[in-house]
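You will see two complexes here that share chain A, one where it goes with chain B and one where it goes with chain C.
So, the complex of A and B:
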C-alpha cells in the first residue's frame, strides 16, 4: 500500500522529512480523526447494541419481563427447529449460488477477455443485472419469468411447442431452486468482474509462448489460466458468499419465506417482526454475524495478500 | 513460469502450427460468438421481458408472445396514479433525497478517513481498515432490532423523519466508500504532493489543489456506487420508513391494485422499468468509471 511508497520516493531528504513529520504529526492528523471516529461509531456501535440485546429477555409482548438472561436466547436459537432449518437453507442457498455464479462468471469472463467489436457495450450489458434494484429484480423473476400464466418461461414453452406445451408452476414446484436461479442471475456479473480483472492481469506473453510451444487451449486453461486465477476465484467466492448469506430481498419477495425457503435473515425478520422477540432476533443476528466473520476473515486475508502483491 | 519459450523450438513449431491454428481459430471464434449470444440472452432476457410486460395492455397480460404486442402507456400512468393508495412518484423523490443525502455525507466523511488510511502511518491502521471492511460485510438484518428500538424511543418512526433512513444507510455505504477510496488513494502519484509541499504548499493545500483534482474520477465513481447502493436498500427502509418517507424499493414491493388481493403485475413491471432505466443509463454513460470502481475494492483491473 501507499505506506511503502513514501520512504522509497524521498530517501535523500529523509532526516529532514522525519523531523518535519514529527512536528506536524498531530496537527495533520487531528482533522482526520473525527472522520475515523465517525466511521467506527457508525459501523460498530449498532453491533455492540445487538450483542447486548442478544443476552436479554426482551419481548415486546411481555415488557415487564425485560432483563438479562445469559445464553437463553442462543440456546433457543440452536434448539428451535425453524432456526435449524433456516441454517440449512442458508448453507444450501449460499453454496449453490456461489458455485453457479463462479462457473457462469468464469465463462463470461473468458468470452469477454477476447477482443471483438462492441466489447465495451456487451460488458456493460452483462453488468446490468448486478445494478438492478434487488427488489425489482426479485419481482421481475417472480412475475415476469416464473409466473405460470404469463411468465416468459411458459410463454417460450408455448411458443416452441404449441398450445399443449407443459405449463409448470416454477415457484411452487421448486421454490428453493427458483430463488437460487434468481439470485445467481443478479450475482454472476459481480463474480465475472473480479475474474475478468484477474484474467486481464495474466501475463499474455507467457500464454502466447505456451501456445507457440504447442499447448492446446484446454491445456493453457487448466495449467496456466486456472492457477493464475485461483486467488481471484477465492476472493470472488468469499465476497459473494458474504453477501448471499445475508440475502433477504429475494427470499422475502419471491416466496415470503414459505415452502421451506426461510433462510437465517428471514428467520430473524420473522422473530423480530411477528414474534416481537427482540432478544432472540438479536441472538440469531449475532449467529449470522459470526458466520459472516468466519467467511470474511478468509476474504480479508485474500484481499490483503492481493494488496501486498500490488505494492511490491 | 515453467512454460517459458525456448527460441529454437519456437521457430520450428511456428510455421508448422500456423495453418492448423488458423483453422481452429475460426472455429473457436464461431463458438465464442455463440457463447456470447447465449450469455447476452441470459443477462438481458429477464430485463427485456420486464419492459415488454410494462408496455403491454393489462387486458392482454396473459398473452405471452415474446415480442411487444398491444403496446400502451397505461401501466406507466397507473404506476404514478395515487387513486389506489400508491405513492410511487413521492417514493421516487424520497429515494433521491435519501440517496443524495447519504452519498454526500458518506463522501465527506469517507474522503478524510480514506486519506488518513491511505497516506498516514499510525498504530492500529490495519485494525481500523479491517474493522471498516468488516462493517461493509455486516448483515443488515442484525441491526434491525437495536435500531428499531432506538428509533422508536426517540420518535423517529413516524412523520417525515428522513434521518431514520439516511443514518442506517450511511452506516452501510460508508465502509464501502472508505474502502474504495482507500484503494484509489493508495494508487495515486503522491510524489506530486511531496513536491507541492517542497514548493511551499501546506499539506491541506497540496491535498486540495493538487491531489483532489487528480482524485476526481475516483471520487465520482465512489459517489455513483454509494448512490446505487443507497437506492437499492430495502430491508432497513422497509422497517424504518413511514407513509411519507417511503423509498421506491418499499413502494414497489407494496404496490396494490384496484382489486384487493390482486397484484397489479403490469403496473409493478412498469414501476420496475422506471426504477431500473436511470441506473442502466448511468451505467452506460459511466461504464468505465463504474467497472474500475467495482473492481477497485479487492482487485485492480
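So, the complex of A and C:
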C-alpha cells in the first residue's frame, strides 16, 4: 500500500529516482506474485464465475434452456418458499445460537476469571468443544446424546425415572432446537475465550474505585464490567455470526435439512446437487456472501475500534 | 469528618511469613493531613488500602470515628480514594465520573448536578464536564480523580501517590493545591507518597514506615530536627543527612584528627565502642585545616544562593546501614552546604565542622537515637 501511494506524494525532485524505485518495488513484489495469482485463481475467479452463473438460467436437467436471465434467480431466491424459509431458518439459527453462546460464554468467563485450584485444567477442558471437528461434534450429538434408543439423554431419564420414563425423540420433536443446542455447545467456548480476554484486560483499580464509591458487586458488573466488555461482546457476536451463518455440518448431519431446518448453505447444497439448478444455487450463494460481508464489515470495525482503544 | 485510628493493624499477605504491615498504631485527628512515607515496599500503600477496605486486616483493628471498620466492606466505610493511576471510569464523562458515587447512593439528579458543578468549579474542571477521561491531559485527569473524592463529602480522603504520574512542575503546583484544598475542606486525609519532600510540605504530621514497621510519626519540623533513628534521619531531608560511624573517646567522639565534645550522659546508652553521628549538610561550617572532618571535594553543585559539595570524608566511616533499595549501595558521598558565592574547587580538601547543637547521635548497633 505504501509503495502504491508513494509516487503520488513524492516531491517532483525525486522523479529521476522513480524508475529505479519502480524496478526495486517490482523486485520485491515479484516473488510474491505466484502466491497472489494462486489465491486469485482459487478464490476470486470462482467467485466471479458464481456471480456470472447467478445471472444465468443453467439447470443440468434442461441443458437447452441455458442462457442469461437477469435477476430471475435472485427474485426466485427471495420468493421461492423453500428459499425464503431457508433465509428465515438461517436468521433464527444465527441469532439464537449467538445469543445463547454469548450469555453462556459470559457466565463461564466470569467463573473462570476467578482464581481457584486447577483453573488452567478447567479452562482447557472448557475450550475442547471448539476444537472438535464440526461433523464429529454433530454426529456425537445426534447419536450419543439425542438418539431415542441408545442416546445419553434418554438413558439418563430411564436411570432416573425407571422403565416407564418418557423417551422423547429429541430431534423429531424439536428439530431446529436440537441443531441450535448442538451448535451452541460448539461455539460457546469461542465466545468464552474472547470475553475472558476482555475480563482479564479490565483495569483492577477502576473496579476498586467503584467499590470505594459504594457500588455493589452487581452494580460493578452492570456499570463497569459490561461497558468494558461491550466491544468484546460485539466482536464475539459478529465473528460467531459469520461462522454460524455458514453452518452446514450440523444441519446436514443431524436433520439433513428436513423438518424445516434447511438453512441457506444447505439450501444451496440441495439446489446445486439435487435440483442441479446451478443458476439459482449461485444466486443464493451470492446472497450469503453479501450477508456475510455486511456482518464482517461490522466485525472488522469493532476489531479496529478495539485496537484503537488498546493503543491509546 | 472523623478521626482515624490504626490499632495494632497487621497485614500478612498469603504465602508470606513476614507481615507487610506490622502492628501499625497511628491516631489521626479529625481534619488532620497525615502523610505515610517510606521507600517502596515499606507497607505504606498496604496500610492505606487496609483503611480503604481493599486489603484484609489480619490482626488488630481500624477505627473511623467511633466505628470499628475492620471488617466492613469498602462501600460501607464512607471514604473516598484517589488512585495513583486515577482509575477514572473510561466510558463515563467527567461529570458522570464525579457523580457516580452519588448516583449509586441514590442521591437525586438535581443534587448530583449541583455538587458536581461545585466541585468542578473548585478544580477548574467546568469546561471539561462532558469529556471522556481519555480526552483529558494528565493534570486534568488527576483533578477529576480529586473531584470524584470531593463530591462524595466523605469522612476520610485517601490518596495513594496521586502526583506520581505528573511532570515535575505540575507536581509542585498540584501539591500546593491539594494541601490548601484539604485545609479548606477540613476533611481528615491520609496521603501516601514515597517522596519525602511531598511528605514534609503537605502533611500536618508525617509517618515514616520501613519494612511494614512504623519508624516515627511526628510533625515535619520535629521529624527533621529530632529523628528517632538512623533510618528516619537518612530518609527525611534532601540532600540526605551525613551519617558517620565515629569512635567514642574521652570527652566526646573522635572526629577527623580532633575530638568533637559530647556530654558523657548523652552516650551512656550506646552499645559498643562507636556511635553513629548525623549532621545535616546545612549544619556544617568550613573551618581551618586540622579542625573538623577533612573532606575531598568530588562534585560541586552550584544552585545560585547555595552550593552543595559532594565529597569523600577522610578518616571517617560512612554509616552503611541505611539503604533504600535493600541492596548494597556504593558508599554515600559526604554532603555539605556552603556559601554559593565562594564554593571550594573540585579536588580540594576542605575541613568541615558541625555546628554546635545540630548533631544527632545514634546507637550504631540498633540505630536508635541517643540522648534526648
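By definition in this document, the second predicted complex is superposed on the first by the 264 of 312 C-alpha atoms of A that agree within 3 Å, B and C clash if a C-alpha of one lies under 4 Å from a C-alpha of the other, contacts with A are read in each partner's own complex, and residues count from 1 in each chain.
Note that in this section a residue touches a chain if its C-beta (ideal position, glycine included) is under 8 Å from a C-beta of that chain, and two chains touch if they have at least 3 such contacts.
Fair warning: this is a prediction, and the values are worked out from it, not measured in the lab.
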item: Chain B versus chain C as contact partner of A:176, first or second or both or neither; value: neither
item: Which superposed partner A:233 touches (first chain B, second chain C, both, neither); value: neither
item: Contacts of A:89 with chain B and chain C, given as first, second, both or neither; value: neither
item: First (chain B), second (chain C), both or neither touched by A:224; value: both
item: First (chain B), second (chain C), both or neither touched by A:262; value: neither
item: Chain B versus chain C as contact partner of A:212, first or second or both or neither; value: both
item: Contacts of A:191 with chain B and chain C, given as first, second, both or neither; value: neither
item: Chain B versus chain C as contact partner of A:108, first or second or both or neither; value: first
item: Partner with the higher number of touched chain A residues, chain C or chain B; value: B
item: On chain A, positions contacted by chain B and by chain C; value: 203, 206, 209-215, 223-224
item: Chain A residues within the chain C interface of the complex; value: 203, 205-206, 208-216, 219, 223-224, 227-228, 230, 312
item: Interfacial residue positions of chain B with respect to chain A in the complex; value: 1, 3-5, 9-10, 13-14, 17, 21, 28, 32-33, 35-36, 39-40, 42-47, 49-50, 53, 61-66, 109-113, 115-122, 126, 128, 130-135, 137-150, 167-168, 170-171, 174-175, 178, 185-186, 190-191, 194, 203, 228, 231-232, 234-235, 248-249, 252-253, 263, 265, 268-269, 271-272, 275-276, 279-280, 283-284, 287-288, 290-291, 294-295, 297-301
item: List of chain A residues in touch with chain B within their complex; value: 1-3, 5-6, 9-10, 24, 28-29, 31-36, 38-40, 42-44, 46-47, 49-50, 53, 104, 107-108, 111, 114, 116, 120-129, 131-137, 139-141, 143-145, 147, 149-152, 154-156, 158-159, 185, 188-190, 193-194, 196-198, 200-201, 203, 206, 209-215, 217, 223-224, 232, 235, 239, 242-243, 245-246, 248-249, 253, 264-265, 268-269, 272, 278, 281-282, 285-286, 288-289, 292-293, 296, 299-300, 302-304, 306, 310-311
item: Residues of chain C defined as touching chain A within the complex; value: 52-54, 73-75, 77, 79-81, 83-85, 87-91, 100-101, 104-105, 134, 148, 152
